[in-house]
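The structure's right below; bear with me while I get my questions together.
Naming follows writing order (A, B, C and D), and every chain is counted from residue 1.
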Amino acid sequence: MSGNTIGTLFCVTNFGESHGPAIGCVIDGCPPGMELSEADIQHDLDRRRPGTSRHVTQRQEPDAVEILSGVYQGRTTGTPIALLIRNQDQRSKDYGEIAQQFRPGHADYTYWHKYGLRDPRGGGRSSARLTAPTVAAGAVARKWLGEKFGTQIRACMTQLGELTLPFESWEHVPHNPFFAPVADVQQYEAYMDTLRKAGDSCGARLRVQASGVPVGLGEPLYDRLDADIAHALMGLNAVKGVEIGDGFASAAQRGTLHGDSLTPEGFASNHAGGILGGLSTGQDIEATIAIKPTSSIISPRTSIDVQGRPVDVVTKGRHDPCVGIRAAPIAEALLALVLMDHALRHRAQCGDVRQAVRPIPASNA
Amino acid sequence: MSGNTIGTLFCVTNFGESHGPAIGCVIDGCPPGMELSEADIQHDLDRRRPGTSRHVTQRQEPDAVEILSGVYQGRTTGTPIALLIRNQDQRSKDYGEIAQQFRPGHADYTYWHKYGLRDPRGGGRSSARLTAPTVAAGAVARKWLGEKFGTQIRACMTQLGELTLPFESWEHVPHNPFFAPVADVQQYEAYMDTLRKAGDSCGARLRVQASGVPVGLGEPLYDRLDADIAHALMGLNAVKGVEIGDGFASAAQRGTLHGDSLTPEGFASNHAGGILGGLSTGQDIEATIAIKPTSSIISPRTSIDVQGRPVDVVTKGRHDPCVGIRAAPIAEALLALVLMDHALRHRAQCGDVRQAVRPIPASNA
Amino acid sequence: MSGNTIGTLFCVTNFGESHGPAIGCVIDGCPPGMELSEADIQHDLDRRRPGTSRHVTQRQEPDAVEILSGVYQGRTTGTPIALLIRNQDQRSKDYGEIAQQFRPGHADYTYWHKYGLRDPRGGGRSSARLTAPTVAAGAVARKWLGEKFGTQIRACMTQLGELTLPFESWEHVPHNPFFAPVADVQQYEAYMDTLRKAGDSCGARLRVQASGVPVGLGEPLYDRLDADIAHALMGLNAVKGVEIGDGFASAAQRGTLHGDSLTPEGFASNHAGGILGGLSTGQDIEATIAIKPTSSIISPRTSIDVQGRPVDVVTKGRHDPCVGIRAAPIAEALLALVLMDHALRHRAQCGDVRQAVRPIPASNA
Amino acid sequence: MSGNTIGTLFCVTNFGESHGPAIGCVIDGCPPGMELSEADIQHDLDRRRPGTSRHVTQRQEPDAVEILSGVYQGRTTGTPIALLIRNQDQRSKDYGEIAQQFRPGHADYTYWHKYGLRDPRGGGRSSARLTAPTVAAGAVARKWLGEKFGTQIRACMTQLGELTLPFESWEHVPHNPFFAPVADVQQYEAYMDTLRKAGDSCGARLRVQASGVPVGLGEPLYDRLDADIAHALMGLNAVKGVEIGDGFASAAQRGTLHGDSLTPEGFASNHAGGILGGLSTGQDIEATIAIKPTSSIISPRTSIDVQGRPVDVVTKGRHDPCVGIRAAPIAEALLALVLMDHALRHRAQCGDVRQAVRPIPASNA
């Protein structure tokens, strides 16, 4: 299998290195006839872009996407859609010393062992820059799901370092640099300013939600919908944990509480997070991810070089002090890709998703 | 893709329903020449078996495995290995009423919508019984990994309902019905007795560990090792959360703490849980899973039937009041399958895993 | 990928060795709700069975299939369908000497090199016996295609050794042991009797046809329908050539002849064999396969043993003097599997196959 | 599965349309550490290029390849290698009328039915232009196989229209526009000149050979080496037949002749074409393909338009009067891709290919 491909019917193959000529992806299996333009994709890419606030990496990349194939006269043809993003603002001189050293918390050590060599510039293939093609592909999936089922996918921050964010409303999320569901983000900005001056980094927690999901997506075993969602989200750089519904809190619950009762008006609750037996119930899919603190920090760190001798590693370059800040659009894109793939898989085996026979599901609070 | 298959090079296709004639799996891609017998596999199956203590389902199944192919004169031939387990102790009359009702927390509702019909007996395909073939296949993988790399995989319970279990030693795990790492399990037995009498169920938390893992297993993007581990573990019935290393605690950590420093003597810590940049570091792989409380409980539950009319669902049959109690061998098997698959993928692309050039990794506490 | 699996959405994983306990397959991805019984499958298996005439191997196998999963109350559930066929009439003592020798024309030499060991009994995995599970799975596919599209798949012999068979009518095919489209097969029986007494073997040519095929099955590149048909048919033991439509005769044709004109009444001809640009046109799919003469013959053959020393190999056991005689049901099954897979793939990407908008295709003569 | 991808471990995903901005491919799974430059790939692309003689299409495309990723400091990194070829000499105005018509022998009719729309310019996705990325990827595979095993792959023309070409020597092949193994090609040039003036086209037959192939590549069932070779070659535009070894001639042979005897000095013959039981024997792999006459001819053809009304189709544009003339490099590339993929699959399951224990195979005449 192509390890750099996600999906089995809506297949996205991701290529590129952080400081190479270009990054991009090829989408194979997109249904034909859907209107698609660069603008549709650029919108989501712009939400993810670096250099948009002082709280994220200052690398300036326009991330302008070019559609190379698979679209004719504004509609998808059903043939592979290749999306290209040229790298522009590489500062490769920042990485000169690192080539011989292993930066703690990074993939340097593991890549060197696996491949025998690595492109050290900007983290090479391990860079979070490679989430841009994922977001581009996710935009295509999101569009189809929205038009087909009315699916809506959104994510927000629920924790920043040690600070827990209250959930006020989805309305606030697009209007602050944190994708935070709160009106006033001043304390979070102050927190980040302090952190940056200290030359350190912090983690985060995000909530990812999909509504308008048809019933029955997923397979009974192995390729269950929650398993594939976990696969996609855990595969995002820096993610160390994934939960569905009540997640780890479920462990301490009783069956009489956790099981979501069904009534003629719909489900009475959604502890399950929208997935039962590995298949979607039609309720909102709720997932949470934990993001570790950035490994690239300005504070010197103890490490070794390729000969095994001790060195102090000083990471230069421009980095996100909290990669969780820009993660929301990427988490949304990943969820879109998984749902898209399962929608096509379901259609393959069972025909068009039965919209009509849906008993009344209740959405989440 | 075959949704009921896990793995890309060590492929395991699982078949069967809880009350059908038989369950089993086909393993395709096993390296040739390894000694393998039913006894090797039966050992792991016996650890998982139902009816072995009063704290688990009382269904009596010998779970005797039969090797139908792929082994000749005691050695694997490299051809597909089919493993068969005949179902014996089905009590299908316990499921007569359920056929028209949707049990809360179960896959009844979702399967009915997806397929238009379902085998209701014992949960059909959604039953945890289908973890037996997974364990059988995992035994084969575990054997090869052990012989090839000295890999050791083990799991234990760390939380039962609201009770947190201390970690005393791996030594205790095989000697109590909870796979608990403690010498004295009396309080947990009392807890379960109370729960059973109340007709309720509880969740659990398990720790899964692999040591002796070679460096460099995993792919940079999408099919990262942690992503595939999350996929496998989240795909286990009743799992609602997966963590790697410090998991959700990472969100509140600082980069100066979380990043594991490298020294000439090895890694100074293992917050990462043995995986960096999606690839194994050679350190112990540490994962945690959260298991929800069993949905099948004797207490009546509110639900609807296939016409959407309200009913009270009374689940008969024999069930685990905490499926987490028997989950340890299954979690181990799943981790074995993922590591096996990645070991073969690594060998495909990069040749035999480089054992010699491993700088000194430090194992976990 | 699982090398012993065919198909991407209607996945068939084949297991078993000729003299092992059992052979069989697992079908994953079958649409739910279709009526299916052992009888449906047994019918096709009986057409393929050995020991049915003096012209084929005299090994007596009832080839009774057992459905182990995936069917409930007579309908497919959408879950994996495991089919089991127990081996009964193994005569393993016929293979004692062969274990150390490489029989010419067989897989002994190649398997020994690849795996380091082999099951020599009856050819092990290389035996044509393993076509039985293929036929079993093909029966399921054929049934669905017939009910969904009215697809009909049939094959007949067009050449036996040096003898060319005329095509009189499909009506004759089920009524003689050769699957020959002729009324009188006396000369072919005489030919085979002579051959058997001489202890030799011969090859054959078969025609395989599918009618009632919807338009548009196939992918533009790589997984074109003709490519997948060639893959399936060339994968059949002893096949050395595959043609689509006019096949090798096309090389000597002019474009003005070969291109099938379209008229409002339909295609004027079918040189293409039902496939254009890798996709089905709705016309009959016509393919031809060449089968080499059986390698297992009673005449002694020169060869070497595992030490490289010269030996005379005398093949005992019971073998087909012409494996082409029983190949028709297998070729049909393979074509059914490919069409089934592509029907599901088409449905995944493009929705239900557009039956209504079919311009008038003309069927073959 | 991604239908536009070939290979399971050395995966090549092809994208692009004939008149779109660019064509290209992404190679995933290439072993790391191999030297690779644009020049390595350009060499093979130049052999395939249009406009190089009066006997082929006059479209002028430099086909300059650009490596976008996966190579660092001149060596493959093990990460995906994206190859881009910009289209330059599109003459889209030649295709204005065709958009509403179905050209006989082309994919217009089938694509329109499958997707509901199509890019008609230059044949869109169905154009033979899309063989360029295949050749580019094949160059990478060929290089690795050559360095690893000394594998050599070459193809030549054996038939042009009705003319059979004698085989004089491989030496001549690079020195004439036909990839013909003969010193004097005058009669073939005259033949083509006549054909072109007549506004017609012809077919061809090609021989494809691989030497220096290790023993044991292939799987016992379904993904046999010959099956995958047939899949790749039949998937090449305009191919209507594939043979391995003696191919269709095998049907009329006796077992005593066809079976290749083994002696201590090696195989005595190679009727099998280098593949036994679906696995490579170490002998030369010999395959033959039949190519149909070009569908795009200047002579008017009868057809219908999208409303089903009769039209005369006059194909303008620049086309190959015999696509077989430029097919040799493409056939070689396809064989390289299949061998590459199987080499990695073999290494995954069985470790490095056992070079040492090869008994003496005899090469072909």
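Basically, a contact is a pair of C-beta atoms (placed from the backbone, for glycine too) under 8 Å apart; a residue touches a chain by one contact, two chains touch by 3 or more.
Model, not experiment: these values are computed from the prediction.
**Q** Where in A-B, C-D or A-D does the B-C interface recur, with over half of the contact pairs identical by residue number?
**A** Within A-B, C-D or A-D, the interface duplicating B-C belongs to A-D.
**Q** With respect to inter-chain C-beta contacts, which pair, A-D or B-D, contains the greater number?
**A** A-D
**Q** Which chain is most remote from chain C in terms of Cα centres?
**A** A
**Q** Between chain A and chain B, what is the gap in Å from one C-alpha centre to the other?
**A** Each chain reduced to its C-alpha mean, chain A and chain B end up 26 Å apart.
**Q** From the mean C-alpha coordinate of chain B to that of chain D, what's the distance rounded to whole Å?
**A** Roughly 45 Å separates the two chain centres.
**Q** Taking the mean of the CA coordinates per chain, how far is chain A from chain D in Å?
**A** It comes to 39 Å between the two C-alpha centres.
**Q** Two or more other chains in contact with one residue: find those residues in chain D.
**A** Those would be 1, 3-5, 8-9, 14, 29, 32, 78-79, 114-116, 125, 220, 345, 350.
**Q** Please output the residues of chain B touching chain D within their complex, sorted ascending.
**A** My answer: residues 1, 8-9, 29-32, 78-79, 220, 344-345, 347-352.
**Q** Using the touch definition from the top, list the residues of chain C that touch chain B in their complex.
**A** 1-5, 8-9, 11, 13-17, 20-24, 26, 28-29, 32-33, 66-70, 72-73, 75, 77-82, 84, 114-119, 124-125
**Q** Per the contact definition, I'd like the list of chain D residues that touch chain C in the complex.
**A** Interface residues on the chain D side: 1, 3-6, 8, 14, 102, 104-111, 113-116, 125-126, 130, 159, 161-162, 200-205, 215-224, 226-235, 240-264, 268, 271-273, 276-282, 290-295, 297, 299, 301-304, 308-310, 324, 345-346, 350, 354, 357-360.
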